[in-house]
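Here the structure comes first, spelled out in structure tokens, and everything after it is commentary.
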Amino acid sequence: DEATARYAMILGDDALMLSQRLSSWISRAPELEEDVALANIALDLLGHARFLLTYAGTAWGKTEDDLAYFRDEEEFRSCRLVEQENGDFGRTIARQLIFSTYQHQLYSRLVHSTDPTLAAIADKALKEVQYHQDHAAQWTLRLGLGTEESSRRIQDGLDSLWSYVEELFLDVDPIPALGDVAVLPSSLREDTLHRLREAIEAAGLTVPEMSGAYGSDRTGRFSEQRGYILAEMQVLARQHPGATW
Amino acid sequence: DEATARYAMILGDDALMLSQRLSSWISRAPELEEDVALANIALDLLGHARFLLTYAGTAWGKTEDDLAYFRDEEEFRSCRLVEQENGDFGRTIARQLIFSTYQHQLYSRLVHSTDPTLAAIADKALKEVQYHQDHAAQWTLRLGLGTEESSRRIQDGLDSLWSYVEELFLDVDPIPALGDVAVLPSSLREDTLHRLREAIEAAGLTVPEMSGAYGSDRTGRFSEQRGYILAEMQVLARQHPGATW
Amino acid sequence: RAGQERFEELIAADSRVEPRDWMPEPYRKTLVRQVSQHAHSEIIGMQPEGNWISRAPSLKRKAILMAKVQDEAGHGLYLYSAAETLGTPRDEMFDQLYTGRAKYSSIFNYPARTWADVGAIGWLVDGAAITNQVPLCRASYGPYGRAMVRICKEESFHQRQGWEILYTLSHGTEEQHQMAQDAVDRFYGPALQMFGPPDSDSPNSGQSMAWNIKRFSNDELRQRFVDMIVPQSEALGLTLPDPELQWNEERGHYDFGALDWDEFFSVLKGNGPLSRQRLEHYRRARDEGAWVREAAAAYAGRQHQEQAALAGA
Amino acid sequence: RAGQERFEELIAADSRVEPRDWMPEPYRKTLVRQVSQHAHSEIIGMQPEGNWISRAPSLKRKAILMAKVQDEAGHGLYLYSAAETLGTPRDEMFDQLYTGRAKYSSIFNYPARTWADVGAIGWLVDGAAITNQVPLCRASYGPYGRAMVRICKEESFHQRQGWEILYTLSHGTEEQHQMAQDAVDRFYGPALQMFGPPDSDSPNSGQSMAWNIKRFSNDELRQRFVDMIVPQSEALGLTLPDPELQWNEERGHYDFGALDWDEFFSVLKGNGPLSRQRLEHYRRARDEGAWVREAAAAYAGRQHQEQAALAGA
């Protein structure tokens, strides 16, 4: 039904946007191994996005590409965290740590969804997200305990992104109405923050003070990034409407 | 006639692309005075582009906006120099020095064009371009003779961009056929390089060795930058075809 | 003290205090805070609109927008100069902004997400700014008042341009009209809050008024602004998002509904949608420009030495 | 010397030389140069295609392209490892690339300007690479030959994917067809030049063949490639930009026209359309990643110390 589709779209948009951001590290990573690792994570996320958007599209007779390439900015439902610029590697890792910790909590509950498609998608994604989280936690340790500069940079990344954390736990429409089909974002808050706190403290870093940036409705009303992401992502598809590739 | 229009388009596209690149310094310049100065130069160039594209458009019944927003990548005729990324301030100044020196030579001859519109446009632009060149030469001095770092950075900028200099002097179609309507790019080479050499040496910098990057036909066949510039520049106009703003 | 007396005379006569005049420390401090805050607002205010220069939908609009953002940098320059006449060096003010100790107008912590926002910022944000600033042209401190005169002239251009953007959108395609209405819906409340908290919540205003810096209270200015924009919105063919908005014959003013002051204070505290982003943008520009400023200073120092050597020879 | 004898035996028997075997210095040097050049080509080769990941026109194509560029990084890793077994540390090879002393395949100094270029790179560039590399799977140096086996398997996927992109474009809209034809027009010549200069101009090939590193001459491989792509281009519905291209019954091969060797040597000398850009992209990534690598090294060092301390306790 449409409410489930809208929920799948929220999850799919998060994955798509983060994949898009991450993929621009490819050929720019600090080590060749990281080109491979970040491409891997970006590919996993793109895979999740494709499943979720394909599923969402069934409610409106749309394909994954209709949803990815022919929705306008205000029709996307991604959170601001995944839309943030990559910045340096420290900031990218901070974003990965936050998002994959959240996503891991989310999918480990979504496997019990009463919607069999969502449960199956979550099941497939869960192992991958576990790897994403390990990867981010490992790098958080290396950067946090590495050099003075690296510790400063990842701390800056965490400080800078922390105000977008609360948005992850907002019970936005239509989730509360979906019952056991969905996972209530607010129900993830405590465990996610706990895990994050552990990872951050293990790396000798400081958990930033919680204070959410105003405006957390996933409509893009409060983002200046989304338009730029879409301008680039959609440019070719929109230049040739109706073409197949 | 169409040949003159195609010539005006070449000049207009150079100005438009450089204006677009420069304008992204606004709110990012190293000093507030430079926010103002770079915006000024970008505005001047945009002004030239508008005159030139409006004039070019008359040959095909098109407006400046038709040409700026609804041509595809391969229809632009800008040179690669103006499409290069801003990089740091040193690289931007290096690009400005090269381009405004060339453009100053160009316009100071184009004022004698037998085409009265082109002559008038050149006449208006000439004073502005003189200022652009002074500005770039001043900064070349400051950076070249400033600190070790600044001298290294502007030298890097010059070295990096120098392989796009030769393209400025190529007598691409339709210019040779235009006679005294146009200025033959090759006729600008000696004086431009002489001026550049003076400015560079006065700043204690080294004139890079001349070696042109292969492929100088202004078709964009050899640029990976143009597509990105246009994706951003044209996104909104193309989202609303036929709209007025 | 003669200085104190003269200062009081100047204020009583509603004349200008000039940089070389004696002035009480709290007067100086209040002015520095206000003028530098205003300067910072111009600087940070370049970002939301600057965000649309590269994507402006016509070359004419691109030129107008570029010129506008350039004007804001210019206003920043005038205002920092005015503040410098009070004895605070520009770099100190930059540092305060850089470290997040200085305030700037909260409105710039809202995003300019669509092209219509550029129009709404021009019409509503610059409109509110002018309403605020016109009385400041008569501010008792000379350099500030004179800077405001120049600024107000340019701002009223900007407001007109913003109005024109919205007018064109409002009378364009259905999507364009919707884009314009959305932008007005989003900027209306925050624009009204630009005048500051209600008078009952604004303890410092009295002193500023006694010093002839401020001339009207927050609520008076807000009312004046509402009275101005209601007919303008009708001419635009757009609605203002306040169901309680209506003409009050008796007061001779428009009544309007309560504003969301929780949001206001939350944004003021640094939790605006883009508070982080704005400050980081500023910091990055500052950091990345450090080597250029060093080079310019080194070069200037060397030029100076050479000239001195020549003069000595 | 026993080592020399054994080496010669191995070569004569067309067996593998392994890292711990003795080998003549020139053999080692030739291999290091060839393997590291190949590795560098994979790394620089990520850029032209990487350029289209963000703009790929469907999610499926985006995924395929991302996986492909990732494979290239993987190939780089195998090849650097193979080269390391010859005694050259990876960082030394990185430095050679960074400083512009090392070569990589000139083809990557051409831009991937349109989406169709991604197809043409897959079909023609990977196609030429495979033609080159399949014989290298039997290269006398073991680690190199084995790396090539893995790589060739993946490359043939890539070639197939490139062909599919072009096929879809060629049979799509008129603009798409044109885009595909343009891309083939641009990449055909440079792809044929990937086999290196004509045999008459390639002095080092003889020794490499004697050592069982190279198995076929440049011109032989080029002919093999042309013979492969002509029928493929017909299946694509695209033409190859060579009017002299035709089947020669007598030779049992396709004849083809002369290539622009001036262009080839000019690009080889560093004047490719994007030679500067490719190297600067690489350098920037390396420079911007330096602090990360330092941090990782410091962390690993500390971990190591702690473990040593525990072991000692």
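In order of appearance the chains are A, B, C and D, and numbering begins at 1 in each one.
We take it that a contact is a pair of C-beta atoms (placed from the backbone, for glycine too) under 8 Å apart; a residue touches a chain by one contact, two chains touch by 3 or more.
Note that the coordinates shown come from a computational prediction; the quantities given were computed from them, not determined experimentally.
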{"item": "Mutual neighbours - chains that touch subunit A and subunit B alike", "value": "C, D"}
{"item": "Chain whose average C-alpha position is farthest from subunit D's own", "value": "C"}
{"item": "Pair with more cross-chain C-beta pairs in contact, given A-D and A-C", "value": "A-D"}
{"item": "Chain centre separation (subunit B, subunit D; CA means) in Å", "value": "36"}
{"item": "Distance between the centres, which are taken as Cα means, of subunit D and subunit C, whole angstrom", "value": "57"}
{"item": "Touching two or more other chains - residue numbers and ranges from subunit B", "value": "227, 231-232, 235"}
{"item": "Contacts with two or more other chains, residues of subunit D listed in rising order", "value": "55"}
{"item": "Contact graph of the chains (line, ring, star, complete, other)", "value": "other"}
{"item": "Pairs of chains found to touch, sorted by chain label", "value": "A-B, A-C, A-D, B-C, B-D"}
{"item": "Residue ranges of subunit A in contact with subunit B within the complex", "value": "72, 227-228, 231-232, 235, 238-239"}
{"item": "Subunit B-facing residues of subunit D, complex", "value": "48, 51, 55, 110-114, 186, 263, 266-267, 269-277, 280"}
{"item": "Subunit D - residues contacting subunit A, complex", "value": "43, 46-47, 50, 53-63, 66-67, 69-70, 73-74, 76-77, 80, 115, 165, 168-169, 172-173, 175-176, 281, 284-285, 288-300, 302"}
{"item": "Footprint of subunit C on subunit B - complex, ascending", "value": "16, 20, 23-24, 26-36, 39-40, 42-43, 46-47, 49-50, 53, 64-65, 68-69, 88-90, 141-143, 145-147, 149-151, 153, 232-233, 235-237, 240, 242-245"}
{"item": "Residue ranges of subunit B in contact with subunit D within the complex", "value": "73, 160, 163, 211-215, 220-224, 226-227, 231"}
